[in-house]
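Report on the structure given below.
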Amino acid sequence: MDYQKILEDIYQEILPFADKGAQADYIPALAKVNPDQFGIAIKTTFGEAYSYMQAQTRFSIQSISKVFALAMALSLEGEDLWKIVGKEPSGTAFNSLIQLEVEKGKPRNPFINAGAIVIADMLMSRLEDPDAEFLKFIRELSGSEDVGYNLEVAESEREKGYLNAAIINLLKHHGRIQNDIENVLMFYFRMCSVEMSCEELAQAFLAFTNYRPFDFAGYRLSSSKIKRLNAVMQTCGFYDEAGEFTYLVGLPGKSGVGGGIVAVHPAHYSVAVWSPRLNSKGNSVMGMKALELLTTYTQESIF
Amino acid sequence: MDYQKILEDIYQEILPFADKGAQADYIPALAKVNPDQFGIAIKTTFGEAYSYMQAQTRFSIQSISKVFALAMALSLEGEDLWKIVGKEPSGTAFNSLIQLEVEKGKPRNPFINAGAIVIADMLMSRLEDPDAEFLKFIRELSGSEDVGYNLEVAESEREKGYLNAAIINLLKHHGRIQNDIENVLMFYFRMCSVEMSCEELAQAFLAFTNYRPFDFAGYRLSSSKIKRLNAVMQTCGFYDEAGEFTYLVGLPGKSGVGGGIVAVHPAHYSVAVWSPRLNSKGNSVMGMKALELLTTYTQESIF
Amino acid sequence: MDYQKILEDIYQEILPFADKGAQADYIPALAKVNPDQFGIAIKTTFGEAYSYMQAQTRFSIQSISKVFALAMALSLEGEDLWKIVGKEPSGTAFNSLIQLEVEKGKPRNPFINAGAIVIADMLMSRLEDPDAEFLKFIRELSGSEDVGYNLEVAESEREKGYLNAAIINLLKHHGRIQNDIENVLMFYFRMCSVEMSCEELAQAFLAFTNYRPFDFAGYRLSSSKIKRLNAVMQTCGFYDEAGEFTYLVGLPGKSGVGGGIVAVHPAHYSVAVWSPRLNSKGNSVMGMKALELLTTYTQESIF
Amino acid sequence: MDYQKILEDIYQEILPFADKGAQADYIPALAKVNPDQFGIAIKTTFGEAYSYMQAQTRFSIQSISKVFALAMALSLEGEDLWKIVGKEPSGTAFNSLIQLEVEKGKPRNPFINAGAIVIADMLMSRLEDPDAEFLKFIRELSGSEDVGYNLEVAESEREKGYLNAAIINLLKHHGRIQNDIENVLMFYFRMCSVEMSCEELAQAFLAFTNYRPFDFAGYRLSSSKIKRLNAVMQTCGFYDEAGEFTYLVGLPGKSGVGGGIVAVHPAHYSVAVWSPRLNSKGNSVMGMKALELLTTYTQESIF
């Protein structure tokens, strides 16, 4: 399939949406990004690579980091992980406290903030140097040795992060956090602050296509576990737009408020797309459109 | 792949769960079914058929009928359908009124009761003889000319159906029902009362594998629409256990309180399984186990 | 105290609000009432009577009837009544189904619709001819032999009463209704359809000031029970504006969507006011204002 | 009326409840209080004083302090206060985050934790030395110059105060907090940590009977404002047991998890009672019983 041509065609077709939506502006570091950018990259299990436009520009991956954290957590804990976090779609916005209160502090899934914070706490308990381990893991996944945290972004998210502070305090109240809450929050924000390009993200997510045994920086996952991780992305990866994304795109994926979206076609390819302007649900407008067209043109959704 | 052998192995392996769970007993017709039954059937896109145990015994398909109704509705309305019903997982139990009230009567998805009732109402508005049309459609899908309603079951569900009556009245209050609510409810219950065997269900759901152009009794769906219908099953087919089913089985599917579960592996096969005892979420215990083992043994989840 | 003068002064002062708000229009019978009306009447425990403007014009008392039904129910059941209905303010709108679902069908208090419906059901179980008994009771309370139901209003409320039908079906689902739901609903709507004037209502509510032993049509309540009934009016009488009414007026009271409001100053007087235009919470705009001024001018709130 | 005799009789009658309930134990300072204590004190507007048992033993007033803070806030802000906090009963437990999230951070009333925290923040913005001002105010109200904070209690509440930290972070997220959240929390906990005896509380709450113009430490409230403050106590003073307390006792009042309850009979008397064991709603078991009997014996509820 001529993916390169498809990427170029898609870009032409989604241009009318280039000024739709609004970029995240709750911290200066995200607000000052030039919103008129777009990049896309595909890596196939046969070793091919395609990309278009600003596919090498790094951006804040934000919630996409939750997939990496989940992979590490699954590798460390196995099925026991689901004792501390659920795997059901939430039906409410990603930062809702309501469900958390009703369900006594067990987060619905690893991709709402509460779930990712519980996983960050668990990683801190298990690892001697979680910051370094996380970096090592994503560097090996992405094949980029200089991928790293943006500490300025992390600091400024913490400063404005009252909602996440509310969440972690509520989790702690329910006995769900073992470590110092300030340390956990900062680790969580550092993971979100990682900056990667579409090409780097596509490479990193290629690991979730099961193209080769998953073993990165010592973190191993069986083929079956990878399938299950994809399943969680499918049902929970897009907050209260998970159904919409599954419907339109038909691939497991994950988005971030930095405007990035990654998706995986098991056994075939991974794809990363980026454009800063978001729809009302917090997902990249051009990114959603691009992936919808990709699976329409290629007829390659998983369904 | 030797599916026949796999089915037989699976049966041996799930026997320890044969007495786990409890069959639905809210109406006499369901309560009096012998709970010690199990059947499973597979149909492949290559024309092969496999089955084991009581695969020819008919049972009440209940909510599985919602997939057939959705297929008709999508064929009639196209994407306009999503104006009257959503496609997001609900995050709450299948009969919850809370979400409906908060969201002013637009049901979250076509598989919670509220959504299926709205679709029943729409079919009544569009079709001259909805009862006959529905039968014609499922008879052609399943290749069984004598598949039909169990009017006694339908009547007795209506008699005890206070919760569904609450739901349709709330929908009507929000202006979401066009026809007489009593007629809509009865049509809804008739669709749920249809009795089919695993073999008939597997045949009917083979249509959702895209093995041939979808055109049954005049209801046509493009390959893309079929994919999207599967996507809705994936995220919403199992009420508040949708994440669990996707995680364990990794196929789009739908369950019913009669103990049936159907699932689809796009391009490969359809499978129907049945056993009356249900877990606390209303899904067949042996059915869930059987499908989990099936995709584990065959390595054939969609992820 | 010169109540007559006070009533006249109040009227002048609230005239600027005469066109504020909107009358209930969900049924034709309420929509066609001339909204430019106002009446007020006071009866004291010393036997004095004051009134002004259209105090003899009858109007639909609607939810005010719930106080009469509660009085009958308390007389019949005593403290056992609270096994079937609570006495806590609801914190949500009067017709919310959410609380009902969360709390398994036990209504929060006797003044939300669910609570009044449960009481109507109980009266039907206990009384041979509940329609006649209710009339007898309110006729003796009000001293007006021709007070009666407006069956046209009751019918037309039933016709549009989808929300109340949803409520009673949900109650039935939770095993909270003993009688035929259609009969209970019609009895409930008939009670709501009663028409009385301000003077008649003031006379009827004089009984709740404890000015003489409560014994009407055979329904007896101790002085202590009357106090407790007033307590329930105080905390629950105005839906989600109960706090506001207690704050501004400082008397136990009850409102109806017909535009009527009654209030009681224990040991001193009862007051009824009426004007059809309602605020966004469903309470009469001029009525609220008039009562606020009444207790301000007389310095006679209970606090 | 022989209040002294009544207090003694009440004590005998409630003795069977002396070991019912459980004292608050979430912080060591509260857990180590001897639970087998009981005190009660009455002050009348005629200058009489009655008390019984440990009426001079000081205890942690906890949420009773919210009434004092509200009085200061009302004096400073007048009716503008209701722009930042509501005055409706909450219908949910005192520390629920659900309502706060749904209502975008405006607390339902001044007596749920969120409301009291918003008022603490406002006092910090308005006063130069809020700690000193609060002490001055309650010392003048109670006539006890040595009433003060228990800083050890305050510290240890802060240490375990994850739920309140969640609340204030959520408030801050919604732009409802002006000052540093750590400072506001500590001020809030200090107010809660105040220790007073029943006699001191009865004296302090005598001010809310309107027995003389309210002017303490420069904080003035009109007679009308005092009535309104009582109204808020009536509808919101007992969390989700406000209806029950109004029903059983019939006086405006406020409870604290230290086991204290105060109530006011406007124009007649104030009463304070204390016993550490709490019911499931967080209100003193013996305290509730004692006040119920008090208004039963004296026939002096406000209704």
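Which chain is which? They are A, B, C and D, in the order written, and residues in each are numbered from 1.
Just so it is clear, contacts are C-beta pairs under 8 Å (C-beta built on N, C-alpha and C of every residue); 3 or more make two chains touch, one makes a residue touch a chain.
Note that the structure is a prediction, hence the values are computed from the model and not measured.
Peer 1: Select the chain at the greatest separation from chain C, using centres from the mean of Cα atoms.
Peer 2: If we average the C-alpha coordinates per chain, A ends up farthest from chain C.
Peer 1: Compute the distance, rounded to whole Å, between the mean C-alpha positions of chain A and chain D.
Peer 2: That gives a centre separation of 47 Å.
Peer 1: Could you work out how far the Cα centre of chain A sits from that of chain B, in whole Å?
Peer 2: Roughly 32 Å separates the two chain centres.
Peer 1: Where in chain A do residues touch two or more of the other chains?
Peer 2: none
Peer 1: Pick one for the touching-chains graph, please: line, ring, star, complete, other.
Peer 2: Looks like a ring, each chain touching just two neighbours.
Peer 1: Which chain C residues qualify as touching chain D in the complex?
Peer 2: My answer: residues 86-92, 99, 108-109, 223-224, 226-228, 230-232, 234-236, 240-244, 246-248, 250, 252, 266, 296, 299, 301-303.
Peer 1: Flag every residue of chain C that touches chain B in the complex, lowest number first.
Peer 2: 96-98, 101-102, 162-163, 165-167, 169-170, 172-173, 181
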